[in-house]
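First chain A sits with chain B, and in the next complex the same chain sits with chain C.
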Partner chain A sequence: MAGLRCINLKKCYDNNVVAVQGFNLDIKDGEFIVLLGPSGCGKSTALRMIAGLEKITDGELFIGDKLVNTLAPSDRDIAMVFQNYALYGNMTVYENIGFSLTIRHQDTDVIHEKTIKAAEVVELSRVLNNKPANLSGGQRQRVALGRSMVRDAKVFLLDEPLSNLDAKLRNETRRELVKLQRRLGTTFIYVTHDQVEAMTMADRMVIMKDGIIQQIGTPADVYNSPCNMFVAGFIGSPPTNFITGEIKNGSFVSKDLTFPLIEDHKKALSSYENRTVIVGIRPENIRESHVLPVKSNDIISINVKLDVVELLGADMLIHFYLNDKMLTGKVLSSSDFKRDQNVELSVFLRHVHFFDPETTKRIDVGGTLCND
Partner chain B sequence: MERLNKSEIIFKFISYILIGAFGIMALYPVVYAVSASISGKMAYESGRVILLPIDVNFSVYKLLYEDKGFWISYINTLFYAVYGTLWSMIISITGAYALAKKRLLFRRQLNFFIVFTMWFTAGMIPTYLNYMDMGIKNKWGIVVAFGVQAYNIILLRNTFEGIPKEIEEAAKVDGVNEFQLLHRIYIPMSKAGIATVALFYATSRWNGYFWVRILVKDPMELPVQVYMRILVENYQKMYEDMPANLPYAADSYIYAILVCSIIPVLLIYPHIQKYFAKGVNIGGVKE
Partner chain C sequence: MANGEKLFYQDNKTGYSLVLGFILLNIAATIFTLKSMYIDYNIGIFTLYNIILTLLSFLAAVKLKKYSLNWAIFSLVIGFLQVIRSFRIPELKNSDMKQLIVILMLSSTVLLFLGGITTIAKVKVKKKYLEHKKA
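Right, the complex of A and B next:
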């Protein structure tokens, strides 16, 4: 087991496309880190640099205290699980799991013992003689995990390992993975574009866009205090509603929505008087008014006509226009809202975020920008 | 069960007729050769043997068994087929493996040079002179000089390229070197392609006639195809030398050699044919 330190990692391909740059990340021993971002954001490239499958253009990578920039993947003491499993189709489950030990010419008894143990952990003992073609998707993914475990690697790298599984199996395997990581106590670096996976599994998550880290933090930090508009929009489903307006006389004023600032926001936005800002309101902070117990200064009411209503089960998404701006809210399905219905909604002002339109960064308490 | 419509029935009917006719066309010469080799002299020479043997006797095979020249040529053919195929496969697999790697320096140019030999050949005389200059005039020379066919290399290269790069990356993380990657991963995963190419090489080596006839001078190194051809060329002499009271015709002797020469192919083919059906990498990666 070991921590990992990435110092200013950069990946530039031969055609001058920069896939990752300024990648700085300290990972503690035994930590579960999730790299999250949309397709093409550089998260897989970053993982592959750590694995040694992509050459690092610039920067330094330490696994434990060892600089591993130029080491081959097999010498980095890492294990990797691929999105499409990458099992050896010509070998049985037993041979697949024990392959890395066989290649390293380990003693047959040791190979057998470790393979059987790994197979037990991933619950594949009964299918050891099967070939991958005769396994279900979940079993194949567990073979890939078993193959990684057998070597007692210092760091586990997982590249979207659940994306080929169906929704039910994905949920189960997600929980199993978290339990497995806790049991092994090994550092896990997990790449995904699925924010639910990231939120539920990560000790800390790294949000990336265009090859640059946008924010590093615990799932709660990232959700509650998004560093910029990208993170605020990317984390949370449906995405945050953004409205552009101005700060005037202690109020946020726009043609779509106007509301007085609460005290905390007044302090943060004191230097933005008569300047443009963007307010971000999560759909879950736009609720039906009639379920709220009391009125308070932190809540404003808006009267809207619903445009689209989507029932999700326990919750219901409502889409409506404020002037020309379409916003989304999330209400309890028991509200029984209907399309074209006129309803009164409440906006929770304490949970809204303000962003600087030039930098797109969140304006912190004290008027500073996030990360500055 | 879904009923076929009229056009589908007609299509299937014509397909079966054509496939059946083609099968009979392919099978008839084999059956005829066997029949001709074991039919009696009178029956054969009077033209009564059309499909099945008449006046069956195996005395021609007894004579063949005692023909030293036949056995030497037969063993030579086995030599050409086994060593030739082995050598060709070593060259083709290693070459195709290298060409399948995107990181190979001058990969495009090398691929072009190989494909170019499929479009353009130097012609028979320059090729002959080239072989002569290289001193190709014995068994080993034939085995080595006819090492590869561009088509087979391309076929194998495409097979190797079909293996997902994640498999190679997983193997590298597991700690394989380039040689282990080839013989532990690529070759077992490409059994279908390799079996196909090996069969191509083996049949081409087994049936190799022209260049062996032209280049190999030592009669003790000639394969069975050349031996058979020489017999055909000397047919008139053989016919005249043959005692009149023999129970078989002179042609039967040649047909018997022909039958013996196709036996190994008939024995091996069913074992290799199973690999044609499917590859072994099914399930290794999520499609």
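Right, the complex of A and C next:
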């Protein structure tokens, strides 16, 4: 087991396309790190650089205390699990798991011992003589994991390993992966574009866009204190509502929405008086008024006509226009709202975020810009 | 039972390799024999016999890999035939080659016997493990 340190990693392809730049990340031993971002943001490239499958253009990569920039993938003591599992169809589960040891000409007793142990951990002991074609997607995924485990790798790299699974199996395997990581106590670096996976599995998550890290933090940090508009919009489903307006006399004023600032926001936005800011309101902070226990200064009411209503089961998404701006709110399905209905909604001001329109960074409590 | 469990999952590579060794040595013996044989109808019978022997022994090698008891016994039968053959080598133009051919044939027989015997022993261990597992 080992930690991992990326110092200013950069990947520039031959056609001068920069896939990753300024990639600085310090991963502690035994940490579960998730790289999250939209397609093409460079998260898989970053992972492949760590694996040694992509040459690092610039920067330094340490696994433990060892500089591994020029080391071959096989010498880096890492194990990688791919999205398509990459299992050998002609081999049994047992042979697939033990394959990395077989090609290293290890003693058959050692191969057997390690394979059986790995199979027990990934709960595949009963299907060891089966071929991959006779396994479910989740079982195949676990074979791929088991194959990585027998090598006693220092770091596990997982590149969207659950993407091929159906929703139910993905949920189960997600939990299994987290339990497995805790049991092994090994460093996991996991790439995904699914924010639910990232939020539920990560000790810390790394949000990327256009090859640049946008924010590193715990899921709660990233959700509650997004560093910039991209993170605020990317994390959370449905995405955050953004409204552009001005700060005037202690109030946020826009043609769509106007509300007085609460004390904390007044302090933070003191230097933005008469300047444009963007407010970000998460849909879950726009709720139906009648369920609120008490009226408070932190809450404002708005009267809107619902445009679209989407029932999700326990919750309901409501889409409505405030002048020309379409906003989304999340209410309880018991509210029984209907399309074209006029309703009173409440906005929780304590949870709104303000962003600088030039830099798109969040304006912190002290009035400074978030620099994560 | 740990050994039996191992055999349950792993192929019998020892038996497989030993029979492959037999095939190689037998081919070498065949080549040297053909090189020194007088050209008559015996050369056809000899060649045909060796082609069939090679095919059967390869089949035996593959079956031994999967712990087949019947094929292990069959490989012992082939071994006995090979011993008999090594004392009934056809008349050769170059009698100096005879000793080399006999050595090659007997060596190949040893490999075949070893392959058959180890496989029979492994099949027993594996069978015991499976019975124990069933119980």
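Just so we're on the same page, the second predicted complex is superposed on the first by the 371 of 372 C-alpha atoms of A that agree within 3 Å, B and C clash if a C-alpha of one lies under 4 Å from a C-alpha of the other, contacts with A are read in each partner's own complex, and residues count from 1 in each chain.
To be clear about the criterion, contacts are C-beta pairs under 8 Å (C-beta built on N, C-alpha and C of every residue); 3 or more make two chains touch, one makes a residue touch a chain.
These numbers come from a predicted model, not from an experiment.
Using the contact criterion defined above for the overlaid structures, shared-chain residue A:Ile262 touches neither chain B nor chain C, since it reaches no partner. The partner that reaches more residues of chain A, of the two candidates chain B and chain C, is B.
In the superposition on chain A, A:Ile7 contacts neither chain B nor chain C. Touch criterion met: A:Tyr94 reaches chain C, while chain B stays clear of it. Of the two partner chains placed by superposition, only chain C is touched by A:Asp109; chain B is not. With both structures placed on the common chain, the touch criterion links A:Leu135 to chain B but leaves chain C unconnected.
In the superposed model, A:Pro73 makes contact with chain B only, not with chain C.
Touched by chain B in one complex and by chain C in the other is not one residue of chain A.
Residues of chain A touching chain B in their complex: 51-53, 72-74, 78-80, 82-91, 99-100, 103-104, 131-135, 137, 140, 147, 151, 164. Taken together, the chain B residues at the contact with chain A in this complex read 164, 166-167, 169-176, 180, 184-185, 188-189, 191, 279-286. Contact residues on chain C toward chain A in their complex (touch as defined above): 2, 5-6, 8-10. For chain A in complex with chain C, the residues that touch the partner chain are 92, 94, 108-109, 111-112, 115-116, 128-129.
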